[in-house]
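For reference, the structures are reproduced in the following blocks.
You will see subunit A twice below: alongside subunit B first, and alongside subunit C after that.
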Partner chain A sequence: MNLSRDVALIGAGMTRFHNKIHADKTSREIFLEATLEAINSVDKNFEFKDIEALFLGTFSGDSFENQAHMAALMADWLGINPKPAIRIEDACASSGVAISMGAMAIASGLYDIVMVGGVEKMTSLDTNKVTDTLAMAADNLFEVSAGFTFPGLYASIATAHFAKHGSRWDQLAAVSIKNHYNGSLNPKAHFQTSVLDVAKKMGESRGLTFKDEMEFLRSPLNPVVAYPLRLFDCCPISDGAAVVILAEAKKAKRFTDTPIFLKGLGQASDTMCLSNREDLTSLKGTKIAAQQAYKMAGVKPKDIDLAVVHDCFTIAEILATEDLGFFPKGEGGVAAEEGRTAINGDKPVNPDGGLKAKGHPVGATGAAMAYEMFKQLRGEAGKHQIADAEIGLSHNVGASGATVTVQIYGK
Partner chain B sequence: MIIMSVKPFSLKSFREYLSEGKIMASYCPSCKKVHLPPRPICPNCMGKTNKWRELKGEGIIKAYTTIHVPLTKMMSQSPYTVGVIEFDEGGRISGLITNARETDRDLIDLRVKAQIVKEGEEIKLCFKIIS
Partner chain C sequence: MSVPRYWREEKYRYRLIGSRCSKCGEIFFPRRLVCSKCRSRQLRDYKLSEKGRIVSWTIIRNPPKEYEKYAPYAVGLIELDDGLKIISQLVDLEPEEIKTGMRVEATFRKIREEGSSGIIEYGYKFRPVIE
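Our next item is the complex of A and B:
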């Protein structure tokens, strides 16, 4: 299947993702910041009033800020009333789904230009309350009641993957080291420090020295969150927002000479409970969504120049690189260890630092992936630019895989 | 053993059976699949002819983790181990593994026996490693 009308990105903006710099702002103010950057990024002729609708991905303002009805709130705050505003909640995939919904709204002929964004203000709650809130995206009756947390679900995937495919924690650590390095090249990232530099800094203040990253990552300074996942295997709690502006492809030319086209999209659902999946070491939703997106775009995994994948936990990046078809099943960990997914590897993954280092304000993540695609494919990604990137893929997962979206972008 | 559908395939029935000491799954006679929690429509073949099937309560660990940053309500038990259990008759469910709080050994494929635990109004399935 193809879209009835082609869709392009003409602008993109995002705040830095962080746990402190947005402390004095609410989600509406954070979202406005990303929106203004997106509007200013459009090359020519664009005015705020050109936006015909807002599709907003956000997970749980209800719990984080006691605020529901977030899309209307954002439309009000941006001053785009009476344009329609639609909230989409699919856990961590909320704004990945919102991108597809916005694209479909344009393809339908109803709108020519829409704004799609995501926002989350998480740090208003303490870590335990955030853990409880995130767990709402799992099956409350059959997973959370058993004691599962979100890190716990992915940690279980890891123990199953280790047993079935012989992967090891060292390979998870390789993902963390890579993504922290990439984050150090990205001014929008939550963490902009390599693991080695963190080790030096934390070691100095405690009178400890570490011979390399691995020695630090094995130390008590990197405590276990949910075995085998340690702190540096988990994405941080961050505040932030990201916004992209989508336009019908022919109209897009009015606003820029270098639009980025949405070439393919796919989405799939899977069981809410991890326990109900036949294969615990793979996300079926990723495989199906990817097949749809590859088919629509007319490309194969080998054609992808760079990918941003949903590495909420390091094991999730290994699963993604296998399930997206970049590496054979069971070899994602080896590929990470060998540097194949590094910024200078043959299949760069998460050059922006991924969720691991860039941060993961849940509802903003899918839109931030689209932002990265826009910058990379226009050659505007700065220090973490992948040279000559022509085709990019983004992969956004809700919870432990019950929702997955994949989008493929090209010039 | 297949029991005729004396109760509807509801979560209420599942809990009622648990309080009677029975772990009851739904069984699809056409595709031979056992499903937990029990449900009226087989998610495998969309069949609507599910039967109740009582499980003996033994199985193996397919995946697990020991949680050190717990849910607020589990704070006093931390660290604790939870896993995905596959029953011998088929059907999987998540549960607390009560005798493996902190462990150095790999728990995958170890045999477990179900324990039905009542905590006030709540009734839940936990598991004990027996191998």
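Our next item is the complex of A and C:
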């Protein structure tokens, strides 16, 4: 399957993801900030009025801010009325799906230029209520009522992966150390401190010294959230927004000499309840979505120069690198431990810090992945640039895998 | 959860009832109205096996608000003897005792209270089998 018209990225913007710096803003202001940056990033000739439609991925303004009907609100707020505005909610994959919907709208011939974005303002609720809101993305009747939380669901995936494939917590820690290091290179990341520096800082104030990251991560300063997942295995609660501008490939030339092309996309659904899956150690949706995307792009896993994957928990990155075909099943943890997914490894994964360090304002994550693709493939990623990146893959997951979307980008 | 919504689910939660497709034999929990294997609509109530083994588990230390007084508590995925997997709290055991493969059985327990004047929900939890 192919898109009937080719689609390109011509601009991208995002706010820093953070839990404090957006405290005095609502999602409107946050979204505007990302939008203005996206518009300013277009190389030439672009004006607000060129936007023909807005596709907005957002998870739960309804609960976080008592605000639904968010797409229309943003269109109004940005001053693009009467252009159509469509909200897409697929849990943590909301704006990843929105990118595909925007691309399809262009491919259909209905529009030539659309704006796709994602936003979430999570910190207006206290942590308890945020947990409850996020739990709405799981099966309310049969998962949440058993007392499960998202860390709990992914922790169960981890224990199953440990039991079946012999992976270990040290390998999860390796993912965390890597992503925090990458975050330290990314000015848009929520956490910009390496685990070693966190260990030093937290140790100093308590009169403790740690010989290395692992000793710190094994200490009570990194408490267990849901065995085997500890605090540093979980992504933070962040506010933020990201926006990309998509254009029909030929029209894209009017705005830039270096567009980035959407080469392939795929999407799949799976059972809501983890208990209804045949295999807990794999996200079937990832495999299916990836196969579709690889086929459309005409590339194989070995051709991918860098990937941004949905590491809401460290175990999720290990699953993703296996299910996307980068490493054989059961060897994702070993690959992380050996540094193969590091920024200078043979298969760099989450050079932007991933959800773990970059942050995870749920509805903004998919669009932020597209932002990273745009920057990396244009060679504009700064300190976390992957040299000579030609083909990139983004992987965005809703909840525990009931929605998965994969996109492949190229020059 | 609203009272009627809870009442509607009572049968399934109190007696561990799922559905079985009369056409292809596939069993489901939670119950379904359409068979996701053969698409038939001939689904009948099916009483699940009350025993099984733990296939995966964790200990919840940061629980949702309504479960705070139980924390830390164990939860797991259990493969029942009839082959179906179910998700549940694990009770009457210490975290250190839990092992993948451990035999467990369903037991009727209080699940949560909805505030001080809301409904009290009951349902299944799983505990170790004493054999």
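Heads up, the rule we're going with is that the second predicted complex is superposed on the first by the 411 of 411 C-alpha atoms of A that agree within 3 Å, B and C clash if a C-alpha of one lies under 4 Å from a C-alpha of the other, contacts with A are read in each partner's own complex, and residues count from 1 in each chain.
Throughout what follows, contacts are C-beta pairs under 8 Å (C-beta built on N, C-alpha and C of every residue); 3 or more make two chains touch, one makes a residue touch a chain.
Model, not experiment: these values are computed from the prediction.
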Clash or fit, subunit B versus subunit C on superposed subunit A: clash
Touched partner set for A:Ala163, first subunit B, second subunit C, both or neither: both
Partner chain in contact with A:Ala135 - subunit B first, subunit C second, else both or neither: both
Partner chain(s) touched by A:Ala155 [first = subunit B, second = subunit C, both, neither]: both
Common interface residues of subunit A - those touching subunit B in one complex and subunit C in the other: 128-129, 131-132, 135, 141-149, 151-152, 155-160, 163, 223-229, 273-276, 280
Touching residues (chain side subunit B, partner subunit A) in the complex: 11, 35-37, 43, 62-72, 74-75, 77, 80, 82-85, 92-96, 106-109, 122, 124-125
Subunit A partner contacts - residues on subunit C that touch it in the complex: 1, 9, 28-30, 55-65, 67, 70, 73, 75-77, 85-89, 95, 100, 111-112, 121, 123
Subunit A - residues contacting subunit B, complex: 127-129, 131-132, 135, 141-149, 151-152, 155-160, 162-163, 223-229, 271, 273-276, 280
Subunit C partner contacts - residues on subunit A that touch it in the complex: 128-129, 131-132, 135, 139, 141-149, 151-152, 155-160, 163, 223-229, 273-277, 280
